[in-house]
Every structure is written in structure tokens, then in C-alpha cells.
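Two complexes are shown next, each including chain A; its partner changes from chain B in the first to chain C in the second.
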Partner chain A sequence: MTTPPPYRIAIASGKGGTGKTFVAVHLAKMISTSASCTLVDLDVEEPNDSIFFPEMELESRLVYKQIPEWNEERCTLCGLCSKTCKFHAVMQLGDSVIVFNELCHSCYACSELCPNDALPMKNQTLGTIGIAKSNQLTLVESRLKVGEEQAVPLIKKTHRNLQTEVNKTDYILYDSPPGTSCPVVAATKPADLVLLVTEPTSFGLNDLKLAVETLRKTQKPMAIIINRYGIGYEDVEQYCEIEKLPVIAKIPYSRKIAEAYALGHIVTESDPELLSQLKNVVDFIKLHRNENA
Partner chain B sequence: MREIVILSGKGGTGKTSVSASLAAVGAKEAILADCDVDAANIHLLLQTKAVKTEVFYSGELANINQDDCISCGRCMEVCRFDAIGLSNQQYKIEDAECEGCGYCEKVCPAQAITLKPRRSGIVYVSDSRLKMPVAHARLDPGADNSGKLVAKVKDEARKLARAENKEYVIIDGAPGIGCPVVSSLAGAKYVLFVTEPTQSALHDLKRLHTLLQKFKPVTGCIINKNDLNAEMTQEIKLFLKENRIELVAELPYSDLFAKSMIGQLTVAEADKQMFTEFEKIWKKIKERLS
Partner chain C sequence: MKIVFTSQGPDMDSQMDSRFGRAAYLVSFSSDDNTVVAISNSEVASEAHGAGSATSKKLFELKPDVLITGNGPGETASKVIKLMNIKTFANAHDMTLYEAYEAFKQGKLKELAL
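Take a look at the complex of A and B:
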């Protein structure tokens, strides 16, 4: 008998601060009581998942991107590199060639097209990937180096590095970055299901619509979790009904939850309503997995 | 002209509510720019009406002309972004993955590949309920290059400020510390942090503050939801003090932020006390900039 491949769930939102991390860490905790689960923090600019697992110590290693480095001796100043680079990351100024590291996309064009091999690629630190294990839970944290502007290369590298590692796990959760641009598309790419966490406000709805529009282009199945439910704005539910997006949980607006969360605590044990809403999410995930097996 | 950027690191701490409220109290002397182009929201509070709309192109996208393609596969070999796929014996560009580097175009022996400008979103200049023009944008779903779109929005805001003789540009920034944030920081004189007393928000604020070392603007901070956790609030205050960041204001945990949104008002307009509070904040920022 072969083991089934891991089931991959991305948690995304559009708007920031709606509760992606909150949902991701609680689901990971819950799922890992009965199955093996890997939680991958892909909000690489501001990763927060590890705050909620202080007992798990991350073993981190550096991740690199490749950028060209000018070799003055080999260079004949032919100017091809300058003309080739679409990102203005390599420029010939006078009798020297300057590389602007933060503009480089690591496409290799300047390096490999150089007739004199005067722009060999070298490693530059992009960030770190940390891994910690505790019983059935594996925590992976992908952390962008401060000052590095592009999140996508690190997200893609994390997915690639995890390919062999996570085949042994039953479930993978991707805690995705906020927004609706390229980092979200990259983070959710391998997912079998995307859970969108929203809040019942006009901002929450507006950004939910943008996120849905983005993810529909990638044809991902989606389900909605409404966080801070009950603050008096019902348009989110109407929208989901019209768009035939299943609302699988409504997490109540609660100051008590916010207070515990502020300290980096997991709160399910103390809150039966939250527990039952999260159970709905887990049930939905299992059902979806079986239906699509 | 002085640019004030509102940032937080963590999302959902109240950047947009603060930016819009500052705009409400400073309408006579400022222009507002919504630079969270991924998930722009200010237009919802200010009932903006577009007076100028411009499609924004940024970067390029490769395209393979199938009639000219000789199926040699050279393009696929050199592409580092897995943006070229082979299906039904045809090489095709996956638009979402293509970064427009043009390497494939350069190596194609049949000249079958061309690069076209890539649409990244729409830029708006709008009138608003506050009788203050607003520059904002909408990034196309899943698009790349939001940093360049941010630069374009700021550019429009600066033009407006010059045309209307306004002294300040209030810039609502994006969460995180990546390209849209870095782009919003270029030229900033003052950065106003909006944070909250949570472990996550402090962690994110610290990373943002590290990023700022390169730019060295004047900095101030609002602690929103300050009564959520007294210990965390103290910890944040200590961080601010150690790093010489002015504590500009503390705002209580309140459903006013959500309620005012439902009424399509800024927090400052929805509540008299808040209006006075934001007038004080605005005055403090101006003093530090004079």
C-alpha cells in the first residue's frame, strides 16, 4: 500500500490582520493531535507562527539567491550585459560595470550571455529556512532578510526545498502573506484548497473580493472563514452566497480571544465556541480531501 | 513638500483608519496617497470619484509566435522562472511566472519570441468627500511590480500637492517590509508607525524599524488598542524609548474603528473625542517636521 500524498491547504486573506496566522497555528495544533501536519510560515516578510510555539526550537539555515559579480580582468567593456538586463541591475558606467543587487531577478542572462565570462554568478543571502519538530507537528519558517525586497524567490525556494521533506506528512498548511500580488500567488501555488480568512467590515469585504479574483485565475477551490464575527456588517455573507463560496466557520468577535492572542497563546482549550468553529474547519478539510482523493 | 508615511509591519493594526483620520483633520494642507496598492481601502471611507484614470504598464511579458517557433526548446532551457511549458508539442509562456527578463528572446534562433509591455494595474486621481484629492491605484489580480505602482501613485500625489500648493503628502503604506514598503519610503521625511500590544505586532515593528536604518526619517508611533494588554504595551513603550521613537498617541481598544467603517466615515469624523485626538497627532507630526 502506498501512502497518499500530503493534502495541502493555504491560508490567505487579501487584507492584513484578519487572522491568517491565528487560524493557521490553531489548525496546525488541532490537526496534529490525530495526524501528521506541517505548518509552513510563508509570510516571509513578517513571519509570526513560531511565536505561538515557543517550546519548538527552530534549526535554521541560510538560503541564497544568485547574483552576478563583475570580474574586471576578464571584462572587455563590450556593453552587452548593460543592454541585456531588463531590470537595470547591471550597468556599464565609464570603464566599470556596476551590479545593483536589489534590482537583480537572478535570470542569469547577463552572466551566461557574456562572451568573456566576466559576470559569474555568486551566492547572496536571501533569508533563512528554519525547521522544528514536535511529535506529529513540524513547523517550517521562511524568513526574508531585512532589506531584501523580493519575497517571491524565497517562497519558491521554500516550496522546492520542502518537496522531499514533506512527503511523509498527512497535511501541509501554508500561512500565506497578505495582499493580492505575486507573493500570494507563489505561496498558494501548490495548494489543493485555499482558506480565505476575512472580517465583516467594508475593508475585509473589499480585499476578500480582490483575493477571490486573484485565486480564481489560478482555479483554486476556496472556502471562507469569517473572523471577528458579529460586529454588525452582513455584506460579507451575502457576497459569499452570491459567489457560491462556502462559509465554513464564523469565529466570534471576542476581547478575551484578542487578549490571549496578544501574548502569543493558543486559546482553543479555554474557548468552547472557538473550538467548535475550528472543528468545522477541520471537518471541511477532511471532507474535501476525501472528495478529491 | 513633506511626505509622511504610515506603516506597521503587521497588517490590520489600523494604518488605513489612521491615515484617513489624519487626512480628515489635515485636509486643508495635505494630499492623500493610498500606497497599499495590493489591497487599497481608503476610497471606501472617502467616497472617491475618479477624475483621472490611467492604465499602468510596468515591465514586460514574453510571447512565442507559434508560426515562427521551430520547437528547439532553447527558451525553456534558459528560463530560470519555470515560465515556459511544453504542451501538445507547443512551447508556451505561462504569463503568471514570466518576469520579463528577455533571456528567451535573446537566445531564440528563430526570432519567434517578442516582449510586450505588461499591464500591472490602474492609477486613479480622485476627488473625495473631504474636498481633498486622493491618489490611489488598483493592482491587477496577482500582478508583479507593486513597488513600481506605488512609485507611480506617489508621483501623482506629488504633482497634486504642487498643483494645489499643499505642504504635506499623507501616504498609507502596505504591510510587510518588501518592495511596496521600500518604494513608499523613498523620499519620506516622517514615518508614523501604527502598532498594537501583541507579540506579533512588536516582532514585525522591530523588523520594519531595522529596515528604516537605511532611510533615517523622523519616526513616531501610535499604539492602537493600548488597553488590550498592559504588559505588552509597556514592552512596546520600552522599545520606542530605546530607539528614540516618539510615542505620538495611545488609542484604546474600541469597536469605533469597525463601526465608523460601516458608516463610511473616518474614525476622526465618527467621534468628537477622536477628532480632537487626531488634531493633536497631526500637530505633533507637523512640529517635528518644521
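Take a look at the complex of A and C:
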């Protein structure tokens, strides 16, 4: 019998600070008690899942992107690179060619098209990928180098690296970056299911709508988790009903949960209501997996 | 002396554009013979990134001695401008190009150390 491929769940939001990481780390903890689970922190600009697993020590390695480097001796100043670069990252100014590393998208066009091989691609540090394992839980942290502007190349590399490393895991959870731009699209791309964490405020609703519109374009099945439930704004639920989006959990607004979480603690054991809401999420994930197997 | 202004319009009566990378026009004025040349920068509006880089390429081709702008160029453009040894004056907000030129002559604009 062959092992089924891992089931991939992305946790995303739209609005920042709704509780993506909160949901991701708690789900990972809960799922890994009965199945193997890999939690991948793709919020590469500020990864913090590892804070909740202090006993797991990440083994990190450097990840690179490829940037062209001008070779003055080989260059005939034909100007083709400058004309080719869609991102204005390679510019010929008089008798020199300048590469703006931060604008480069590593598309190789200038390097491949150069008739004199005067723009060979060179490695430039993009960030790190760290991995730690403990029993059934694997933690992967993708961390962008400070000052690096583009998150997408690192997110893509993390996905690619994981293809070989976590094939045997039952579940993969992607803790996505906030927002609805390219990094979110890249982070959620391999997901079989996207859980959108929102909060019952007008800001939460506004950004939830944006996230739903984005993910509909990429045709991802979605389910909604309302965090800080009970602060009185009901439009989020009405929106979900109209749009036929299943609300699979309502995590209560609780100072006790917030305090424990702020200290870097996993809260479930001490909070039966939270535990039951998270069980709803796990049940939904399992059901969705079986229905789509 | 050749001076380039970041401008909202194509002539010396136009208002200054305080932006560098996304300036609507680059207007080049030669104080030797009072000629004015305007270059439209409108295609940069559709670029998500690299506006500073694209505009500084145009600036390079104009080869001015002085750049007069509003907010001051960003990081990418600053590298190019530094390489070209163009003296850059900022803070020319809310004035026409002529007024900015007068302010420059009277030493009222601040030179940027790039």
C-alpha cells in the first residue's frame, strides 16, 4: 500500500493580527498528537511559530537567490541587458552596467541573452530555512534576511525544498504572511484547503473580503475561523452566510487566552472552550480530506 | 549649465513634481542659451517597481549638471545620481519651475548629500 500524499492546509487572513499564528501553532500541536504534522512558517518577514516550541532547536541553512554580476572585461556595451530587463534592475549607464540587486527578480533574461556571457548569475543570500523535529511534529521556519525586499523567492524555495523532505508527513500546515499580495498567493499555492482567520470587526471583514476574492481567483477551497468571537460585530457571519463560506470555529474573545499566548504558551490544555473550537477545525480538516481523497 | 527639474508639465511654467521616480516629466533647462527640453515620464506610472531606476536612466541620458526636485530621490536613483556626479537640490515644493530656478540661483534650495 502506498502512503497517501500529505494533506496541505494554509492558514491565511487578509488582515494582520487576526490570529493566524495562534491557530497554526495550536492546530499543529493538536494534530501531531495523533498524526504526523509539519508546520511551515511562511510569514518570512517575521516568522514566530518557533517561539511556541522552545524545546525544538532549529537547524538552519542559508538559502540563496541568483543575481547577475557584471563582468566588465567581457562586456561589449551592446545595451541588450538594459533593454531586456522588465524590472529596470540592470542598467547601462555610459560605459558601465549597474545591477540593482533589490529590483532583480532572478528571471535570468539578461544573463541568458547576453551574447558575451558578461552577466553570469551569482548566489546572493536570501534568508534561511530551519528545520526541527520532535516526535510527530516537524517545524520548518523560513526566514527572510533583514533588508531583503522580496518574500516570494524564499517562499517558493521553501515549498520546493519541502517536496523531498516531508513527503511522508500526514498533514502540512502553512502559516502564511498577512495581506493578499504575491507572498500570500505563493504561500497558499500548494494548499488543498485554506483556513482564513478573521475577527468580528469592520477591519476584519474588509480584509476578509479581499482575501476571499484573491483565493477565489486561485480556486482554493476556504473555511473561516472567527477569532475574538463575541465582541459584538455580526457582519462577518452574515457575509460568510451570503457567500456560502463555512464558519468552522469561533474562538472566544478572552483575556486569559491573550495573556497566555503573549507569554508564548500553547493554551488548549487550560481552556476547554478553545479546545472544543480547535477540535471542530481538526474534524473539518479530516472530513475535507476524506471527501477530496 | 544644464538643469533638470522634476515637473508636472512640459514647460517652465509648470508646477514642480515633488516625486523623482514617478515625476510626470523631466524638464531640462540650459541656462547658457535658455532652451527647454521636456521628456514625458508617463509610462513609469504603470510600473509597480523600479520607477526610480527607470527615471534615472532618462536623467543619465540628459546629462545635467544639476537636478532640482521635491522630496529627493530614493535609494536606487540616488546611486545613479551619485555615480553621475549630479548636484541635487530638493525641497522645491509648491512652485513653478521658474520659481524653483530663481530659488536655486538665490541659494534657497538645499543641496542633498547623496
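Quick note on the criterion: the second predicted complex is superposed on the first by the 293 of 293 C-alpha atoms of A that agree within 3 Å, B and C clash if a C-alpha of one lies under 4 Å from a C-alpha of the other, contacts with A are read in each partner's own complex, and residues count from 1 in each chain.
To be clear about the criterion, a contact is a pair of C-beta atoms (placed from the backbone, for glycine too) under 8 Å apart; a residue touches a chain by one contact, two chains touch by 3 or more.
Quantities reported herein were computed from a predicted structural model and do not represent experimental measurements.
When the two structures are aligned on the shared chain, A:Glu45 is found in touch with chain B, with no touch to chain C. Shared-chain residue A:Phe87: touches chain B and chain C both. Of the two partner chains, chain C is the only one that A:Phe100 touches; chain B does not reach it. Contact with neither chain B nor chain C is seen for A:Glu69 once the two complexes are overlaid on the shared chain. Of the two partner chains placed by the overlay, neither chain B nor chain C lies in contact with A:Asp192.
More residues of chain A lie in touch with B than with the remaining chain of the pair chain B and chain C.
For the contact definition in use here, the residues of chain A common to its chain B contact set and its chain C contact set are 87.
Contact residues on chain B toward chain A in their complex (touch as defined above): 9-13, 16, 38-39, 41, 44, 59-60, 78, 80-81, 96, 99-103, 106-107, 115, 139, 141-144, 146-147, 174-179, 182, 196-200, 203-204, 207, 210-211, 214, 225, 228-229, 231-232, 253, 255, 258-259, 261-262, 264.
Residues of chain A touching chain C in their complex: 82, 87-89, 91, 93-94, 98, 100, 102-103. Of all the residues in chain C, the ones that touch chain A in their complex are 47, 49-51, 53-54, 56-57, 60, 75-76, 79-80, 83-84. Put simply, chain A touches chain B in their complex at residues 14-18, 21, 43, 45-46, 48, 51, 84, 86-87, 105-109, 112-113, 144, 146-147, 149-151, 177-185, 201-203, 206-207, 210, 213-214, 217-218, 228, 231-233, 255, 258-259, 261-264.
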